[in-house]
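Both of the next two complexes hold chain A, though its partner changes from chain B to chain C.
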Partner chain A sequence: MALPERRRWVGNRVLATLLIAAVASVVLLPFASLSPNRLVSGQPVMLWQALAGWQLAAFALIGLLLLVAALAGPLPRRLALWLSLGATLPLLALDLQALGAYAHGALADASPAARVSQGATFWILLFASALIAIDALQRLRLGPAGRALYGVAALAVIGVCFSGELLSPLSIMREFANQRDNFIDQLVRHLLLVGGALLPALLVGLPLGLLANRRARLRNGLFSVLNVFQTLPSIAVFGLLIAPLSALGRAVPWLGELGVSGIGVAPAIIALVLYSLLPIVRNTYSGLAGVSTGALEAARGMGMTPRQILWRVEIPLALPVILSGLRIVTVQAIGLVVVAALIGAGGFGTFIFQGLGQYAIDLVLLGAIPTIVLAVIADFALQILVSLSRPSGTR
Partner chain B sequence: MSGAARSARQWRAASAGNGVLFVLIALLIALTLGMAQLEPLFRALFPDLGNPLYARDSFLNLMLAHIGLVLVSSLISVTIGIAAGLFVTRPVGREFEPMVSSLAAIGQTFPPAAVLAIAVPLAGFGFAPTIIALSLYGLLPVIQNTIAGLGTVPQTTLEAARGNGMSRWQILRRVELPLAMRVIIAGIRVSVIINIGTATIGSTVGAKSLGTPLIAGLVGNNLAYVIQGALLVGLLAIVTDLLFERLERRYSFGGQA
Partner chain C sequence: MIELQGLTKTYAGKNVVEDVSMTLETGEFGVLIGPSGCGKSTTLKMINRLVPLSSGRIILNGDDVTELPAEQLRRRIGYAIQSTGLFPHWSVARNIATVPQLLKWSKSRIDDRVDELMAMFHLDPAEFRHKYPHQLSGGQAQRVGVARALAADPEVLLMDEPFGAVDPITREALQAEMRRVHGQTGKTIVFVTHDMDEALQLATRIALLNNGRLVQYDRPIEMMVKPADDFVREFFGQADLGLKLLSRRWVHQYQRPPSLTHHATLPGLDHCWRLDEAGRPIVLEGARLDDQHQHTDVRSEWIATPEMSMKEALSRMVWYRVMVLPVVDETGKLVGEVGMQGIMGIESNGGLHAGGPAS
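Entry: the complex of A and B
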């Protein structure tokens, strides 16, 4: 069965592919762009035009180290992986530092309206270093602790780059400086909307999941009704809630005073709860259904009451599945709140849609990038929570 | 006897499902073609509005534009997604499997609306950024389910096929793909449903879709427009989902149903 062994030059083809893509983007795509003001599209600036000699040398050195790590011959396998993992941090730092340093230099003797923005190569190098790290972490089979440690190190590098004045001349950072207070407000609002939807969704969804587990008759009908909400486009649900809610706010004055009206927070929260129910109910149901009959019988044999069995056996055993439902719902809600900005609920979506309306790309990115970061962080944190909730021995 | 009773119940459930589907399809077509006939109704519901019927474009045009956006992007996602899923499950590409799987998982945590917004600086306004965002985003569930579906094919089945002297290509076409098809279609279903929703928001970056009247209504404070757009796009999503459910069921084998 064995194929004839060919001599393999490349030990890590994933790393080699990423390296080729990165080099191609350095050669073909701009690293930054320089424009006379915010409204005019910029002149492309290639990497080698943007950098000082030592920066170019450092990029070349990192590239060379990664090439050595990708080849089959020179290094033992694990050492090559540690080398590629280690090289991603300087690559990340250099990518950010080079952009900041270029912006300082280019804007020093330009008009105050001139702007420097990041280009495709900047993003591709950032992305490539993340992918190289993911590949190395997977191949090294590092556990959650190792992964978290790398994550903290990468965040520290990013934090140091953002803390000083290094990146402040960039166009998007100027936009941020203009919007600082508003940005914090919208961040808080975004998180409040997510939390305000998840709490009622859990309060309703967990009992419904239990009910679905206990009453087989109810299950199919419940799941198909909840599935309809997951299918409907979010903006359509927001839109369809406006008319009944504004009617309700007018008809029942005290509800109106509480803030129930067609636009704003009320329809956003209601829609988010409706979207969140299916994953919570489904995962609660399947978590409970996955508890082995052996465990249940043992509990009964020990003389536990049904209530004790529920709290001490079924829920702890079902917890990882229930929490994975919470993970799905949290990430989903962070994304849906973006759309809720269209009905005036606030959050990061406000920046996105304002920016799209004014063709202000920096404002769009100021909304889009933090939303993505928020979703990825929430996903990562809940993933760790899920793995901690597994009974020891099955982790 | 219980088997007969169950199959009778299933048959009844299936025919009831058929009824619902036909009613919804009829409603979708009728509303798309005849929304204008409902003008008196909207006028009665919203007496304060000067213009209770969206008239800048016909609803048929908007519906076709919406379906066009979703169809083009889904074709791209399905082609690339299945090809990528196949590549990483063959011996040549197996090395890339963990990377592609985790990319597909991480990518799906990105909010679709944020991906759409990021496509604008890359591709400008209009049709192009929407197609790019929809195809990229739709790719991920297809890849994930292609890998998962091919992974469910039992090793013993593959060995039996090999023992029968089937070539790799024959095994792929006659054994692996048919067995994985249900899971792959489930991935396409997720991808298409998300794309129907994201195409609606595509009107904020200048792509014509059923979101156009919806967003115009939200911006211009015209609830009638909002309802007209939302109703049609909601129906479209539900009908599509039901059609996929049917397709999935057709590819289920024996006990998997």
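Entry: the complex of A and C
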């Protein structure tokens, strides 16, 4: 090959792009904002105005390390990836620490009503470190154990930052302090709603998936019905359920006592179950359908009973696909429960709709951020479970 | 011993297998062959009832197993298929142990049996026990598949085109291995293939099916020498069957005394050998197509030995353009000759495996 040699400067384009975005946001966008009370919008504060000298130096150092990791020349590829993965944890810690330290300093001699909120640069640095980590984890092809270890380390960094007084002067943390008991209640409520929807969805969906696999004639009808549920907007379903459920609650007193009524938990769970069915049934069906016919013929030919074939061959081989379905519906349900707050089912959506009503952005964030964190954790955990369920040979 | 009595399979009013009866003695290697759609695979699958019988009976070592629950029957019959059907989520050792586990053998007995089978198929247990099917080559996976089928020491082994999906070189190696394993275990084997080469390599009995009926069931050589009808003749006459036959024939079966004087009258065939003091052939006079009177120095490349296959001898004649090859003993002394005439002029005798070096 006599192609002219072109020198590549950039080894990792994703990392380079994220670095450019981070630097641009540091230069152009505020890191935090300072306002006299929770309802008026604040004054933008740039990163270099907010930070002490050592923090700026630390940011610069991390940026430099990431730059070295992004370039093609200086480091071997894997070392560069490990370096960028390693750099995300101090970046995350520094981002949080810097914000907390600034809030402490800025509020020390301000009025008690004054608030410090996080600005765009804070978020961009946070997301940049998350994306750098995801990119590095993928390129390094770390197994489930390595991924889990990184996830725990990142959670530990976040946990340490939140555990002390570091972040407590922030506006969002003061909203949290006001709502502390309520927050825990809504968290539990949120999780119960998700669990309460997933359990019946699995109990119904797994057998339906098996049925779709065994009875070709039922399959098309079943999937069209489930598809219809999936296409209905969630708010419409909540609305549609109000009339029949309140009638049911009134007509059957013991159901009413159990809490079945037009609004609240019952319609929320019913709607969530309906939404969860299609991915569960579809993935169970396609997981089973993906089991090789050769393996099935051999299993039969060697004298396994249908039950033995199901439990020893079909389910273990279909499990990764079934669990991917569970991953989809879990993340989906965590998000949908937010909307269910509209019909009084509770959960983190309560804060979001309250905050929207009061025009208190930090209260909205108090609902939105934990929802996102829950979804990310669930996604991450189930992803690890999926790869653990792969047949050991093919992992 | 396995007896099939009047096996019939009817799909939608049509008999895809009709009244197939045959008996395979213990230790025989029976091959079911025929054009595609002839019902050979269906017949095989009726033996372990993966395809339910419409009518007929199956007698296994004297027991009528036609009414036995299918799962119990299948645990007495080994089964190997083309796609191997290895369970991708189980290690090689666990795959081989499938039927012994179903039969609830003790762990130590299973372990011993797995090691024994892996040794029989030249799979080093230390290396392969814990591998997974996707880490195996096609040939290794197929060996594991056959080992698995033999694991519980079944009374009969059924094989459904087991080597149909591997490359030709691997297939030959597997066929040789199958002959060896058959010899070692003395298993009764029923084997389906559409490949005549494979059938001739392996079979002690061939059953030729057409349109769901058994056309002829006999020893391979009888099928070729005494075909029951034109269909059999044509089926065995496919492709280079004449050459295949020669690959199972040996020079000593066709050899005749060497011609040491000129006397033949046919053009190109008149020839005689000139020998040295030790009786080794050094010059061939005549028997060359280009110039029949030419004297040719005998070249070591076209000297035949009694153990050489006739296919190889023919190939040398064609390549070096000589009508006749000298046959020499180990000392190089001329003991006979074999020529084009001889190939056509001799009656078939002896079985396909008869004579020649054991392969």
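Structural remarks
Heads up, the rule we're going with is that the second predicted complex is superposed on the first by the 392 of 395 C-alpha atoms of A that agree within 3 Å, B and C clash if a C-alpha of one lies under 4 Å from a C-alpha of the other, contacts with A are read in each partner's own complex, and residues count from 1 in each chain.
To be clear about the criterion, a residue touches a chain if its C-beta (ideal position, glycine included) is under 8 Å from a C-beta of that chain, and two chains touch if they have at least 3 such contacts.
Since the model is a prediction, treat every value here as computed from it, not as a measurement.
Within the superposed three-chain model, A:313 lies in touch with chain C and out of touch with chain B [touch as defined at top]. Residue contacts after overlaying the shared chain place A:391 against chain C, while chain B stays out of touching range. Judged by the number of chain A residues each one touches, B leads among chain B and chain C.
Once chain A of one complex is fitted onto chain A of the other, the partner contacts of A:298 are limited to chain C, with no touch recorded for chain B.
Of the two partner chains, neither chain B nor chain C is touched by A:198. When both complexes are overlaid on chain A, the residue A:361 reaches chain B alone and has no touch with chain C. The part of chain A that touches chain C in the complex is made up of residues 292-305, 308, 313, 316-317, 391-394. Here chain C touches chain A in the complex through residues 48, 50, 70-75, 79, 81-91, 98-99, 102, 131-135, 145, 148-149, 158, going by the rule given at the top. Chain contact summary for the complex, chain A toward chain B: residues 12-14, 17, 120, 131, 134-135, 138-139, 227-228, 231-237, 239-240, 242-243, 246, 262, 331, 334-336, 338-339, 342-343, 349, 352-353, 355-356, 359, 361, 364-365, 367-369, 371-372, 375-376, 378-379.
For chain B in complex with chain A, the touching residues are 95-96, 98-99, 102-103, 106, 109-115, 117-118, 120-122, 125, 193, 196-197, 200-201, 204-205, 211, 214-215, 217-218, 223, 226-227, 229-231, 233-234, 237-238, 241.
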